[in-house]
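First the structure, which I've put down as structure tokens, then a few questions once you've had a look.
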Amino acid sequence: MTAALSLETKVGRVTLKNPVLVASGTFGFAREYEKLFPVSALGGVMVTGVTLEPRAGNPPPRLVETPAGLLNSIGLQNPGVHWFIKEELPRLRDLGTEIIVNISGFSLEEYGRLAEILDREPGLAALEVNISCPNVKKGGMTFGVHPESAAAVTRLVRQGTSLPVWVKLSPNVTDIVEIAQAVVDAGADALSLINTLSGIAIDPDKRRPVLGNVFGGLSGPAVKPVALRMIWQVYQEVPVPLVGMGGITNYRDALEFIMAGATAVAVGTGLFLDPLSPLKIIEGLQGFLAKHQEETITNLIGAAHNREESIDEEKRE
Amino acid sequence: MTAALSLETKVGRVTLKNPVLVASGTFGFAREYEKLFPVSALGGVMVTGVTLEPRAGNPPPRLVETPAGLLNSIGLQNPGVHWFIKEELPRLRDLGTEIIVNISGFSLEEYGRLAEILDREPGLAALEVNISCPNVKKGGMTFGVHPESAAAVTRLVRQGTSLPVWVKLSPNVTDIVEIAQAVVDAGADALSLINTLSGIAIDPDKRRPVLGNVFGGLSGPAVKPVALRMIWQVYQEVPVPLVGMGGITNYRDALEFIMAGATAVAVGTGLFLDPLSPLKIIEGLQGFLAKHQEETITNLIGAAHNREESIDEEKRE
Amino acid sequence: MQPETAGVISLSPLGRATDLYHLVLAAPQIAKETGPGQFVMVRCTDEQALDPLLLRPLNVFRFHPAEGRIEIIFRVVGRGTAWLAERRPGDYLSLLGPLGRGFSSLEKYRRILLFAGGTGMPALFSLVEQETKTDSSLSSSVGKSIMGSSAGESTGSPMGNTMDGPNREFTLFYGARTKDELVFLDLWQAAGVTVHPATDDGSAGFHGTVTGAAARFLPGEFDFYCACGPRPMLRTVQEMMAKYGIPGELCLEEAMACGIGACLGCVCETVHGYRRVCSDGPVFPAEEVKFS
Amino acid sequence: MQPETAGVISLSPLGRATDLYHLVLAAPQIAKETGPGQFVMVRCTDEQALDPLLLRPLNVFRFHPAEGRIEIIFRVVGRGTAWLAERRPGDYLSLLGPLGRGFSSLEKYRRILLFAGGTGMPALFSLVEQETKTDSSLSSSVGKSIMGSSAGESTGSPMGNTMDGPNREFTLFYGARTKDELVFLDLWQAAGVTVHPATDDGSAGFHGTVTGAAARFLPGEFDFYCACGPRPMLRTVQEMMAKYGIPGELCLEEAMACGIGACLGCVCETVHGYRRVCSDGPVFPAEEVKFS
């Protein structure tokens, strides 16, 4: 090997030292995992969803394990954006990695306000707009499942900030490409996908739903094929950087996402199996580049779409 | 125990000796599993999807295992309805269980024709209409993902046959209730759900999709939370019998579906883990009724919706 | 708190009729840092398998910083614990720990009531062992399971333990489904604790619940209590002790994902709103916990 | 064909540097019904775990109907086989089998060429053992792994085996990555087969592929051939033998779900269209298989 291997990747204007982030809601505000490993090694941290007002979240139980998956109904418990800015952000700025703030609103206006408030704060790499929230004013319909409402949220956030806007798509839709196109047209710089799949679990002994909130969001390895499919589809149709997530637990999963079209990836539920998995994935990607004499990870983005470049069956004989 | 325990259940006009069916496409035409166990023990058999013309199916590889799931892209390989009637149906009629024929079309007309052709055949319990097929005349859009096209298919099949019509819903939609309502309004007697979730897998070494067809359908335990959620939602909004499927491998899974609102359930991918699992599920349900002194399984349908009736936490202390 | 690969030193079923197991692990780092009432998360899956997915929280029953060992008692209730029960000496386990806020120091209290239900026992024993800590001779029963020694009777020195200075007095109400599940009574006795067993089936001690067993001794002269066990038991204990005005702490359980406070998945309701069982607890001041 | 719970009699790694294992199972029903080239599906997951989900297809290397045993050779390539490699004598496995259409009878042929690549070897051995079957003394090596005996040289009686009447002659080209992975050569020799090893790294026999090794013996006087191994090898063998006009059979692999012909998941392309590897195969007439 002569040239240095590079894991550097660019999500639009945002340069990441490597393509491995941690997913919103699974890493808190980095306080806890900071005690387990040097967070500066990560490509970036997507902090837990922040709302305009503090939120208590959903009644417990909030978690149930499913086959190779996890259903959660945290309900966006968070201290609100003002507390976040005062108590969490100063520390986050000094972590030595890119900070992406995940924002959630329950009306269009809330998204706009959040964007404006955070726009004034230095040290943020991007806003990640979680559009999987119910629009309280419109009967609780989720913003992210219709192109119009998804675009409306994006437009307001875009107007409210000069920060890069990453819109995080909900997978609970008929046509992910339609939504992706709508939010890109409305000004998104990049897309994150996927958020969780809507699911439930029943306790047959108690004869009732396990989660206090009945419905939860499914994440983890179980959803990986669906996440990859959506990345694949959006990559083919919408020219915008993608941050892929959904069931990544090792570097081969990360490569699947990158080759399907992701510019960067995030580990969420994978942290719960092995808190050090993001670091191991970074190492694994490095090893893969070295083994295959690829100089940069960016060469692999979308590689699986290119049938001519696919590596033929093991050439034994 | 005095009264006999009853597993009998009624999907609309169709009486099943027990609520455990086998899912379309996983049981072929019962030729193979017949060698492993007495098929007459089943509540019913949903035979592999039949089309008007014979179909070769998709290029291999057609299968890839995913975490707790299976992606398949069989592509409806089948000998066509005429061969089916001549070579398979006579044997199926004599199996001693209810036969539900799964039909798939690539145009509205094909569905109508299939319904008419099969209407003339005695010994069928119902038609199961697979609406997860691409409408070739309309640019390959899947019938099942829009209420209008789903209803149109249903209406034609309804007109073509006096057999009970069960419509099998695709989970790859934004609003399953909307589709369910549309097909029930169009004349469906019952609904089957869910069909497979659209997904892909990438081989990072070969840098290409694993499946010959790129896209496949995700089934197995991984999808169970999504399937249960859709059963739950449809049960609450649309008064029609539901046949639940998606990741059932044991009797507790079956109970989850029944308590979420399913009148009967089907085992698909679960057969591949243990070909005898449908029989074990039947036994398990029997055991559950006995243990909880329930006389009939039908008492448990939708039980989890009834918060008052839920069994309180183990009363130890 | 850190990930640690722990070697299985011994794993033994606790008796004929139980599904309880006693696990001894070499985990020097965790052993060094653990305090009473803390727990570890254990990966209960083959290396590359993804089901069951999450680590399982298990309380530390005993910790031996000098020997670099910890002990766990667990019940096989599902897939993860079934997997765990099949490990053998020499196998390795992935652990994360020690985790959580354990019991407060009992320094200020003299007469202490303990309520243990089933696998709630280990957490309380770690507390008592810490509070009565003497020379390390006690830890010699590592890997040895002794059960049911005169389980039918209340045992221990009537005036409480003597190793702990003249003043400290522990009274344990220990409930289980049946006699065989009352495990390690000898250790409790050696620690000088007065043990009142209770069994659901009446096979040993009081026939009924631990709160039933405790009722006839209350209000008594107790300063403080600690309880660990199933939720319905904790609720009853909390009510009963509130009635008598005795303060205490409850050790809770809740399904967990991260185990370290990041995911907000394991919250319980308290007078201060939702609190994380894994990091704000698992031990909470009894009066703060709200059972809905 | 049926589900059968099989007891592990022995499981031994085949040598230092390989990831090959030799598994001997008590599976009386399957042992009774198996023919050469057939396979079994094995559940490679803890009882209640759901990942890895599907059973793994593995060829039967030897079957002993009288003793009620079957033998398997497998390579650890992923999660399922890694799990399998950790079983111990006395453990039980869930099997389904015997499955598939194996090799045709070789009755009509005198000089038979065999091509084995890696874990393609077991299927071919089951064929040869069946076709050369003598008294059961051969089966005494159950559970014993003997490897590499003069792996560097072509071995066996030059005029083919003698136990099979005067006329039958087997010539095996056996390829592996390295010398240590050429396993059970003694069994092949005992069956009277002329073995020409080939290794990718040149550590034994021909330095290169099995088709490379075979090239200098061809066309020769061969009547028929059987081949089992990786797809690229099979394709080359097929082309080469077609050139010389020698008919044969190929044993294929494809990812499987049901293993019995119901799901249509495991098809390969043939001149007759898609055919199920699990039930129309895994052995197909060589001239029917289309490699795309």
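Some points to look at:
Think of it as A, B, C and D in the order they're written, each chain with its own count starting at 1.
Just so we're on the same page, contacts are C-beta pairs under 8 Å (C-beta built on N, C-alpha and C of every residue); 3 or more make two chains touch, one makes a residue touch a chain.
Remember, it's a predicted structure, so these values are computed and weren't measured experimentally.
The minimum number of touch steps linking chain A to chain B comes to 1. Look at the CA centroids: the one farthest from the centroid of chain B belongs to C.
Across A-D and B-D, the chain pair carrying more C-beta contacts is B-D. Per-chain Cα centroids separate chain A from chain D by 46 Å.
Remark: chain A and chain C have CA centroids separated by 38 Å (rounded to whole angstrom). Measuring from the averaged C-alpha position of chain C to that of chain D gives a distance of 54 Å. Touching of two or more other chains is recorded for residues 67-69, 220-221, 313 of chain A. Residue numbers of chain C whose C-beta contacts span two or more other chains: 50-52. If touching chains are joined by edges, the resulting network of the protein chains shown connects every chain directly with every other.
Chain A makes touch with chain C in their complex at residues 25-28, 31-33, 35-36, 48, 56-57, 59-65, 67-70, 72, 74, 77, 220-221, 249, 269, 271-276. Put simply, chain C touches chain A in their complex at residues 1-3, 43, 50-55, 94, 96, 254-269, 273-274, 279, 292.
Those residues of chain B that touch chain A in the shared complex are 66-69, 71, 145-146, 172-175, 197-202, 204-209, 214-216, 218, 220-226, 228-229, 232, 247, 252, 255-256, 259-260, 288, 300, 303-304, 306-307, 309-313. Chain B contributes residues 67-68, 221, 313-317 to its touches with chain C in the complex.
Those residues of chain D that touch chain A in the shared complex are 50-51, 117, 175, 200, 209-211, 230-233, 235-236.
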